[in-house]
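Next up, some structures in C-alpha cells.
Below are two complexes that have chain A in common, paired first with chain B and then with chain C.
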Partner chain A sequence: MEIDDADNSDKNSGSAPDSKSKSKRKLYVGSQDLGFRRDHMEVLSPLKDGIVVDWDMVENIWDHALRKCLLIDPKEHPMLLAEPCSNTQQQREKTAEIMFEKYQVPALFLAKNAVLTSFASGRATSLVVDCGGGSTTVAPVHDGYVLQKAVATSPIGGEFLTDCLLKSLEQKGISIKPRYAFKRKEIRAGEFQIMDLDFPNTTESYKLYSQRVIVGDIKECVCRAPDTPYDETSYSNIPMTPYELPDGQTIEIGADRFKIPDVLFNPSLVQTIPGMESFAEMTSSARGLPQMVIDSINKCDVDIRRELFSSILLSGGTASMQQLKERLEKDLLEESPQAARVKVLASGNATERRFSVWIGGSILASLGSFQQMWFSKSEFEEHGASYIQRKCP
Partner chain B sequence: MKHPSLFDKRNQLKASNNFDKQANAASGMSVDDECKLRFLELKAKRNYRFIIFKIEEKIQRVIVEKLGQPGESYDDFASSLPDNECRYAVYDFDFTTNENCQKSKIFFVAWAPDTSRIRSKMVYASSKDRFKRELDGIQVELQATDPSEMSIDICVD
Partner chain C sequence: MEAVVVDAGTKLLKAGFAVPDQPPSMLRRFPSVSSEMDAAVVDAGSKLLKFNHASSEIGPEVIPTQMKRVPEDESLTDASLLENVTVDPVVRGFIRDWDAMEDLLRHVLYTGLGWEIGNEGHILFTDPLSTPKAVREQLVQIMFEKFNISGFYASEQAVLSLYAVGRISGCTVDIGHGKMDIASVIEGAVQHISSRRFEIGGLDLTNLFAQELRKSNPHVNLTISDVEKLKERYACCAEDDAAYEKIQQACSEEQHILPDGQVIKIGRERYTVGEALFKPSILRLEAHGIVEQLVRCISTVSSENHRQLLENTVLCGGTASMTGFEDRFQKEATLSSSAIRPCLVKPPEYMPDNLANYSAWVGGAILAKVVFPQNQHVTKADYDETGPSIVHKKCF
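This part shows the complex of A and B:
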C-alpha cells in the first residue's frame, strides 16, 4: 500500500470564519468539498515552495486520503511516502513521528521524488526535470542517489503560468466568471440563459481558486511552448484560437498561447504581463528551464556530466505542455558543450509523465525483495525518529 | 597476492556494510553467487566475451542468463539482449589504441528498452547499484534504452 505525498494530494480547503486560531477552524478536504462554495471559506495549501509549512493541514489530508478515499486502516499497511529533494531532516523526522505515533503504521519508507521518477524510466542515473504545479525542480540522480548540492529549484510551475494567463486575459477585458457565480438554464433547445448569482460572503481566495480551475483548463487546451524564444512582433499576427467559457461566452486567444509557456524558459517575460508586476522581483532571480539544467549539471562531477546530458527526464503535470520537450532539447543543444549528446526523454503517455513518482513508488513498495528495506515500527521504537536518516537517506 | 577467498569475503563484508548504511530506495534484490563467479572468470581467465544477467523476481535474485563465448562478436552480444525486457550485461571489449597497443575494457550495460514494462524498468534500476557493487573491476558503464545508445562507436569513445 502506498500513499502519495501531500504534494499531489488535493489542495486543502479550510474555513476560518471569525478567528485565525487553528483550534477554531474547520477544515474541508478534497476536490469534492472544494467544488462546493461556502460563505467565508478560504482555500489554503499546506505547502510553500514544495515544503510542508502547516502540519495540521497535512494530517487532515492524510486522514481524508486514508479513511475517506482508500477506506483502509493504516495500522495494517506499510507506508511509502514520496518526498521532495529539498525536504529537511526535521521534516523527515516529523513525518516519521506522525506516521508511527498517530497512524501506527507497521513500517515506513521515504523515497525521493526524483529517484522514483528516474527508476520508473529504467535509469539509475539521470537528470530529473520535474515541472509541477507549485514549482520546478531539476535534480541529478546518480546510482539512485540525489546529488543534493546540484539540485536547482524555481517557483515557476503550472500554477504560476495559470496566474499569468488569468492576469493577461483580465487585462484584455475578459472576465472569468467562477462557476458558482451564475446559473445556466436552457430556455429553448440549444439556447441558454445566464443568471448571475451574488454571494457577497465568498472569500477572495475561493474566487481565485474557482477562476484558476477554469483558466488552468484554458491553458491545458490551447497553450504550447513556442519553438523559438517568444517575441512580441513575430507573434502579433498569430491566428486566434477560440475557447468557450463555462458561461457560454467564447473568447479568442492569440499570442498568449505561446507567450505564457515561454515564461518557463524566460522568466523575465513576466514583467511584460500587466498585473504581474508584484512578481517581478521573484522572477528576476529565477532562471529559465535550460539554464537550470545546465547549472545543475555543471555542479556535478565532470565524470558524470556526459551521462546526465544524455538522459534528461521530464516529469510532472506541466511537462505535458505541448512542444515543451522539443523546445527544451533544442535550447539545450545550443547551450551545451559540443561533446555532449543531449537527449530529453519523456514518456509518450501524459498520465505516466504526470504520475511517474507515484508509479515508481507503487512498484517499489510491491516488490517482494523490498519488504526487508522498510523502516519498521520496532526500529522506530528502539532508535527513535532520527533513525529515518539512516534507513532512508 | 591476497588469498582470493579471504579477499572475496572482505569485499563482501564491505558491500554488506555499505548496503546497510545506504538503503536509498533500493529494491533489496540479492545476487546469485554464480554471477560473481562467472564475472571473475570473464575478468581473470577471459573465458567469456560477455555475460547477460537477469532478475528472477520470484526468487528475488539476480542470476546468469547467458554466457557468450570468446569468439562471439559485439553484434552477437547486442542481439542477445531482448527487445522488450530489461537486462544487465557485461562485455569484455577488445580494442587497439592510437599507439597500436592491444587493450581491453570491461563494460557494464544496464539495458532498459523503452518498450519494456515499467515494472521491469523499476526493478532493474533500483537493484543496479547493489548488483554493480558485487562486480569488482568494471571500467565503463552504459545505460541504454535502445540499440543506438550502445552502438559500437559509443563504446569506442
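This part shows the complex of A and C:
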C-alpha cells in the first residue's frame, strides 16, 4: 500500500496548526480539527520553499494519516512515498530513517512526482507540468527517469493566486469575514441579520487561513484562464459574475476572473495588483508557464524533444482551472519551433488531475514487476539510509 | 432459502430475512420454499440487534447486543458468584470483540432466524463509514469459515440509508449510539473526502443525562440502563437557541417513578441532552454543531453536486428520532447561507414509521433483493480462490 507524501505542498490540508503553551505545543492535524477556532492557535506548515524544516510536524501528519484516517498499522504495509523532483539527499535519508525506525515499515520506496504522473497516464516519456498549491514544476520524464538538469520550478502556485485574489478583493473594499466571525440570527420570520462575533485571542495566521479557504473557493468557482494575455482595457467591460459569501454578502467579480489566472502566464502582472508589491522581486525572476516549458525542453537532448512536445501532461489542483489547457496549447504553438507538434494532455476529471501523482503511485505499487524494487527493512539495516540513493534513483 | 441482512450497530443489531412484500408489523421468519434466495438482513448495532427478512415493509426483529458472559460451568447455584460481566462486541460502530460477535451471530442466525447447520444461505452486512479493511476481511473470513455461508455482501450504511428513502445521491447524517457519521453519497458512491466520523453518539448523551440528573437529584440512585430508558422517553430538543436560553432559566419539572420505586424530577436536563448535539461544547468537545459540520462537509464537494446533496439530506440513527430534533435541525439549516442550505427528505409513505431507527437495515433489504439474485455477491468459490481480500473487489 502506499501513501502519497507530497513533500512540497499539503494536499489534504495537512498543514498542522499548533497552539503554543509554554514552549510545549499541541499539534492539531487535518481539516476537521483546523476548522474549529481555538484561542492562540497558529497555522503552520512544515515546509519552507519545498524543504522540510520541521520533522516533528511531518511525523504528526503521517501519524494522523495512517492511524486516524486509514486506521492501519504501518508495520504491515510497504510504503510508497512520492517526493518532489528537487528533493535533497539529506531529506531522503531522514525520511527513510523515520519510516524504518519509527513506523517499522517492512519496505519503502521513494518515487518522484513527475514519474508517477507519467505512469498515471500510461506513458514512460512525457513532460509533466505540475501546477500545485505551493509551486509549479516542469519536469521531463524519459523512460521512467526524471532528467534532473532540465527541471524548472517557479514559486507561483495556487496559494499565491489565492493571495492575489484576496488582496485584490480587499482593495476593492470587500472584506471577507472568516466563518467563525459571524452568526446569523432570525429576527422575524424569513428575515436574517448578521451578528459579528469577536474573538480577541484568534491569531493572525488563523484568520488569514480562514480567509484563504473562502477565497480559494471563490477562485475555484469563478476564475478562468483568459484566451489572450490580459490587459486592462480590453477586459474592463466584462460582465460581472455574482458570488455569495458564507455570511450572505453577494459580491461581483469582473476583471479579476481573468487577471488572476493570467499571473501564471505572465508573472509581472502581479505588480499591478495593489498590495502585492512585496512579491515584486520574487516574480520578476519568475517566468511564465509557456516559457518554462520551452526552456525545459530546450535543455534536453535534441532527439527526445519532439516526443516531449507531443506529450505534455498537466497535473495538480491549479491545472484543473477552466481553459488552462487550451490557453497553454495556444501559447506553446506560438513559441515552439515549427516542426514540433504540440499536444497538451490532461485527464478530463478534475479529481484525477488533482490526485494524478497518487493514482500513478497506486498503479506502480500494484504492478507485479515492481515488487522486487522495494527498499526492504533488511537492506536498510545492512547498508544504512544512504543506500536509498541507489535503490530509488 | 432467503438471505439474511445484518446491520451491526453499537447498541442494536438488526437482522432479518428478505421476503416478498408483507404487511408491516409482522415479524416472523419464513422457511419459505420459494426458489429465489431472498436475503436475510442483520443490522448489528451496539445496543440492539435488528433482524428479519429483507422486506422493506416489515421492520426487523430487534434484540439488544449487550451480552452477559456466563460461566460455562452450570453447576454454580449461588447467584452472587455468577459473573455479571457485560460484553460489548461492537464498540463505536466497529466490531471489536470477535468471539462475542460470533456467539451473537450464532444466536441470531440459528436460533433467531431459524437457519439450519449445513443449509446456510446468503448474508448481507452493513459497514459504518471508514471501516478499516482489516475489519471487513475478518468478517468475511468468519462468515465463510465458521458459519459456512454460501454468499456474502457488504455495503456502507450511508448508501443503504439513502436507498431506504428511494435516493441514490444525497447526504446522510447517521447519529448512532457510539458514533456519528456525516457522509455524502453521489450516485451510490460515498465521497470519502467530504465525509466525517465523530466518536460521539447516544452513549455520550446518556452519560451527560446521568450526570445532569445526579446533580439535580443527589439522593436518587441511578443505573445507566435506567438513564438510557429515561433518555429515550424524555429527551428532546429546544426550538432554537433563544428558546434554549429561556428554558435554562425556568423550566417545568416532571416527576417520574423508577421501577424500584424512587421518584425522580426531570426538568431542564431533557433539553440539555438535545442541545448537546448542536453545541458540542456542552459535552466538552472542541467541535462545531451538527448542522455546521454538515455544511462544511458539503462545501468540500465540488459545487455542481451541492444541489443534489443538499436537497436529499437524510437523518437516521436512533438518536435522530429524538422529539424535536428534526425541526431544530431544519431551523438551524435555514440559518446557513442560501447557497448551502440542507433540506431534509421525507421518507416514502409505504415505509414503516420510525424508519430512522433502522433505515440502514431497510436499505440493506432493498439492496439484497438486487444483489443476490444477480449473483454480484461474493460466493464460496470466489472466497476459496482469492481469500478475504475479495470483499474489497466485489463489494463497494
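Everything below uses one rule, namely that the second predicted complex is superposed on the first by the 369 of 393 C-alpha atoms of A that agree within 3 Å, B and C clash if a C-alpha of one lies under 4 Å from a C-alpha of the other, contacts with A are read in each partner's own complex, and residues count from 1 in each chain.
Quick note on the criterion: contacts are C-beta pairs under 8 Å (C-beta built on N, C-alpha and C of every residue); 3 or more make two chains touch, one makes a residue touch a chain.
Keep in mind it's a predicted model, so treat the numbers as computed, not measured.
By the touch criterion defined above, A:350 reaches chain C but does not reach chain B. When the two complexes are overlaid on their common chain A, residue A:64 makes contact with neither chain B nor chain C. With both structures placed on the common chain, the touch criterion links A:392 to chain B but leaves chain C unconnected. Once the two complexes are overlaid on the shared chain, A:119 sits against chain B while remaining clear of chain C. Here chain B and chain C are compared by how many residues of chain A each touches, and B touches more.
Look at A:184: by the touch rule set out above, it reaches chain C but stays clear of chain B. Legend: residue contacts after superposition of the two complexes on their common chain; A:244 is shown touching chain C, with no touch to chain B.
When the two structures are aligned on the shared chain, A:372 is found in touch with chain B, with no touch to chain C. Residue ranges on chain A touching chain C, taken from their complex, read 12, 31-32, 35-36, 38, 69-72, 184-186, 192, 217, 221, 244-248, 350.
Residues 109, 111-112, 115-116, 118-125, 143-145, 307, 310-311, 345, 352, 359-360, 363-364, 367-373, 390-393 of chain A are the ones touching chain B in the complex.
Within the complex, the chain C residues that touch chain A are 130, 132-134, 193, 196, 240, 286-288, 296, 299-300, 302-303, 334-339.
Those residues of chain B that touch chain A in the shared complex are 21-30, 57, 60, 86, 110, 112, 116, 118-129, 132, 143, 145, 149.
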